[in-house]
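What follows is a set of structures for review.
In what comes next, chain A is part of two complexes: it sits with chain B in the first one and with chain C in the second one.
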Partner chain A sequence: MSKLLSIFGSRRTWAWPYVLFMLCFVILPLILIAFYAFTDAAGAFTIQNFVSFFSKSEAVNTFIYSIAIALITTIICILIGYPAAYIMAMQSFRTPQVMAILFILPMWINFLLRTIATVELFHMFGLPLGEGALIFGLVYDFLPFMIYPIYNTLQKLDTNLIEAAQDLGASQRKVFTKIIIPLSMPGVYSGIIMVFMPTVSTFAISELLTHNKITLFGSLIQRSFSEGGITMWNYGAALSLILLVIIGLTSFLGQNDHENHEGGLV
Partner chain B sequence: MSTGSMTERRGLISRIAGQAYLWLILIVLYAPILLIFVFSFTNSKVIGNWTGFTFGLYENLFSGYDYSAQVQVDPNLYRAIFYTVVIALTSAFFATFIGTLASIGIYNMRHRERRIVNFMNSIPMINPDILTGISLFLLFVFLGISRGLGTVIIAHVVFCTPYVVLSVMPRLTQMNPNIYEAALDLGATPWQALRKVLLPELLPGMISGFILSLTLSIDDFGVTFFTKGSNGLETLSTFIYADARKGGLTPELRPLFSIIFLTILIGLLIINIRTNKQSTKK
Partner chain C sequence: MTKSQFIIEVNHVSKKFEDGKYALDDVSLQVKKGEFVTILGPSGCGKTTLLRCIAGFQVATSGDILLNGEDVTKMPPHQRDVNTVFQKYALFPHLNVYDNVAFGLQLKKRPKAEIEKRVKRALKMVSMSDYEYRDVDSLSGGQQQRVAIARAIINEPEVLLLDEPLAALDLKMRKDMQMELREMHKKLGITFIYVTHDQEEALTLSDRVVVMRDGKIQQIGTPTDIYNEPQNCFVADFIGESNLLDATMIKDRLVHFCEQDFECVDEGFGEKQEVDVVIRPEDIYLGRIKPEMVGTEDDPWQLHGTVQSCIFKGVHYEMTVLTDNGYELLLQDYHAFEPSTYVGMLVKPEDIQVMKKERLYNVFDGEILEGNKVLFLDEEWEISESVAQRYEVGQKVEVRVNFDKVNLQDDEEDGVLSGEVYFILYKGDHYHIQVRTDDGDDLYVDTNDIWDDGDRVGVKIAPSSIRIVNAKSN
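Up next, the complex of A and B:
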């Protein structure tokens, strides 16, 4: 009895329900993806799912194309977002928080509805839906996720370092390239993760923005589950496992900033 | 003197250019939202076709009946609103409860255990929704659990709880641990110390975790899509998706989201002005 009490008295055990919950609903499901990926519909071991993916040039092309689209989107987001975050952090607005709020506010509107409105916007200006619309829509949807982490790191930047560099004779450009950019890299890393990961796996946005003309890898996965019937689930699981590996690699490479990853959204 | 005013002028120009750049981005970001807002005041079926100013859509939304077309507003819309709210509140509640307990537990763990749990905690945040959705879909299929409201709520708790831990954890690490010990030394039972000392300290983190969970849950599409099953359960996200695939967007969604947007905008501005006032008072 006293042992039981001491177990519940120790506060470490308070995390156990959560750990159990995570084991059941996070770890086990991920293992199931691998299980389904390496079995056929009858449950026997096979690598046929991967063979049929790599032998279909259409599927492999979709995969490469999706990664390319995600990379382009991420780069454009950095190119547009970094200056915006820099200006926001460096300029002394009377109300800097209002600016930051204005940038994250669109995220509260359902992204599907925003995407549909973007499609209507393209219609109004007579622009064609396709690759351009897709990239525009993705940048539009994920730009705030790039600006916010960069803004956060720039804002916390120790201004003494900048002043010290200036006092020691560094030019404006030197200060920027040698002090500000290196110190803001953690923010850029988490921005990259927050933009690249959802874009490489997106499925609904691409359908809406291109009227189903362009298929991304995410849509390929979704279709094998929601349209393919039970026979396609194992194939879909194999595709999911490939995506999981990509995601794992990306987050491993960008691990420098594990602590405050997405921490500052609210 | 002249060089001084030169640099001053250059500073002013770059300031204005910077401001203009920010506003340009904001205009592009807000253009589609503005479009929804503007076209919530006309009766047309599609965005882009202005048929005169009217509050008709707002009346339709609140009465549930479209007087100009003499038909009912799609009852599935109201069901979707209802389930969105139910799912968001329930999963945010459970996520906040489990997440707060877990934070206290993780805080008291030894270094290695803490690293393992923190790693597990980061998985749902890094995982894209399609993978979270599919992995849970496979789990429910594997275990033979029929998908519906319950499975959607479980799925939402999965991706919300890590954010609760992330909001509560800093409160714990910033807290002076001696306060809790002092309460015990002064004769408080562990339960009293928890309720009167620990919880008030954690409350702000719990509230922001709860709010974050609400917004994540309401905005989610990918996870809900794979865990809702096929017995007609829809949230606003999946309703909009099904609507868009059918070709036409239910017009009443325009006033609905205009109202949601304005409410959040005003709410955030009020909070912001208040905190500004408080900080200037200090």
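Up next, the complex of A and C:
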């Protein structure tokens, strides 16, 4: 009995279901992707999948275009999100919670529904769908993911530090550039990761908001699997692996620089 | 206009917070160039608010602050020639030690070579020379505090403000830093304004001590003045150990307490005036005596009693003695007198400090109501019919209640009024308690019951104990 208790009482035991879950749904799929990427339809080892990606200029261009779209979206999100987070975090603002809820509110609704609504809005106002609509939609969808981590770091910022800077002769502007901005960078990095990564691999939003006129890298992968038949799985897996490496690299670089500072969400 | 001889002048400064409470209440203070002034008081007394007003982080509601003769009351902090050492160091976590210290000079766009020279000098001053490129998070509390001091003195301010800079350090470290701060003050020759709640620190470090309570300055003086000649019971109680007793000044140089007359050196209180006396425990001399010797010619002692407890305190022993006439006194001596030893005690005239009583009874503004009632402290109180008949309804009156007539109840519901025990003084044979009502008014109570700070109490006063005097005309 006591042995049973010690087994169920230990933290290690309780971790097992999660380990199992991760094995089945994270590690195994990754191995499968890697396996498919380096094999042909017959299952023999090959690097042909990668060769055919890099030799198709159309595919490489789509890849670069997707990254560009994601970068633009991320930059716009920073430009809009930082001031919003700053205003919310400043104590002089009476009801920061209200503003926070207003920004977070759209997140309560599934992003596909929101995107379809955006399409309808564009139709209603007679605006053309396309690149502009795509960036608008992406910013609209991912802005909360930028605001929230920045708001978090700004809110936790020690007011003593601001006072110390003022005390040493810093004007309001200098306090902002020399103290507030550098100390809120961990939040900005978190925001970048949370906006950039999902936008690079997005496909549904781009298809809806551009009427399938613009193909992003995410769509390319999706089509390889859904339309190309079983023979295209290997190619799709290779594309996924390339994307995975790129995303992994960006988040790794971001983290490595700033692991010492208190971060936002990630 | 001649330049002021004071580097800092605080004139009638009040600071009212949004909730209507005063953090500072008509505070005035002059500080000479090069002085080491300590602002001392319990938490919430307004000492930090005063410092923040001088630094510019808070703006006084009224009154003005002059720095070197110039009005800086509303000047933003970055334009003032003062620097602050913060309680929690407030070092910039994204900068290393060197850049933290250089921050002020870099803002002033000084040449690189000059910055480097001055940063090195400042770090040497605080014995942190080898730490220039260390991450501030990797430093210990004491080291961080040193860096914070270096950062504050590098701008060579006229005044250095220190907000409980040593509060977060352990005792040994604090003692070392105290000595270093004293040395630094001598070397730099700038004015130090130091905030602390530690009375020992205040006495050790400062040229002058400012004792504050409830947003008001209680006393300003040298450490010896503050210790030997406290001006009121709060100061006497807050600084060091003390015996506080109710006394009557019979005439000049003669005071009566513990049912006995004592010679003293104080004059000018008038005859038969109620006063407070304070006697420091080390100023009461004691010696063994046989009970049958009391009152004979061989008895040199003024008071007699039995030792209740004796605790070894390192250098001396601390004893409590219950006198034959029922007063409990605190004594210190190098010799131990075991409990139940019968002893005689003696106080020299110059060791008795006589203080004017701040009040002799509670005084409130009141108004006569219908049905034998009087309104004061926002509550209706019953008074005896015979008294009520002498006044008209609606008449404004002064209400007096003796300290010992106020009745405190455990259950707040039992009282006419509820409040909190705010401050307790032991007066040898009873407690003198300050009760703060929920509306922020104060009541003073003499009682033998033991209460603790922060206890919730109900207040009752017997109708016959409410004295109505000095009827004012409408």
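Just so we're on the same page, the second predicted complex is superposed on the first by the 242 of 266 C-alpha atoms of A that agree within 3 Å, B and C clash if a C-alpha of one lies under 4 Å from a C-alpha of the other, contacts with A are read in each partner's own complex, and residues count from 1 in each chain.
Note that contacts are C-beta pairs under 8 Å (C-beta built on N, C-alpha and C of every residue); 3 or more make two chains touch, one makes a residue touch a chain.
The structure displayed is predicted, hence computed values, not measured ones.
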{"item": "Fit or clash - chain C, chain B, common chain A", "value": "fit"}
{"item": "Which of chain B and chain C A:Pro128 touches, first, second, both or neither", "value": "neither"}
{"item": "First, second, both or neither for A:Arg11, with chain B first and chain C second", "value": "first"}
{"item": "Partner chain in contact with A:Gly43 - chain B first, chain C second, else both or neither", "value": "neither"}
{"item": "Which partner reaches more residues of chain A (counting touched residues only), chain B or chain C", "value": "B"}
{"item": "Partner chain(s) touched by A:Ala170 [first = chain B, second = chain C, both, neither]", "value": "second"}
{"item": "Overlay on shared chain A, then closest C-alpha pair between chain B and chain C (Å)", "value": "7"}
{"item": "Contact residues of chain A, present in both the chain B and the chain C interface", "value": "261"}
{"item": "Contacting residues of chain A [partner chain B, same complex]", "value": "9-19, 21-22, 25-30, 32-33, 36, 80, 83-84, 87-88, 90-91, 95, 97-99, 101-103, 105-114, 116-118, 120-121, 123-124, 140, 143-144, 193, 197-198, 200-204, 207-208, 218, 221-222, 225-226, 233, 236-237, 240, 243-244, 247, 251, 258, 261-263, 265-266"}
{"item": "Chain C partner contacts - residues on chain A that touch it in the complex", "value": "158, 160-161, 163-171, 174, 178-179, 182-183, 260-261"}
{"item": "Chain A contact footprint on chain B (complex, rising order)", "value": "15, 18-19, 21-22, 25-26, 28-33, 35-36, 46-48, 98-99, 101-110, 113, 117, 120-131, 134-139, 141-142, 154-155, 157-158, 161, 163, 165-167, 190, 208, 211-212, 215, 218-219, 221-222, 225-226, 236-237, 240-241, 244-245, 249, 253, 257, 260-261, 264-265, 268-269, 272, 275-276"}
{"item": "Interfacial residue positions of chain C with respect to chain A in the complex", "value": "55-57, 76-78, 82-84, 86, 88, 90-94, 103-104, 107-108, 135, 137, 151-152, 155"}
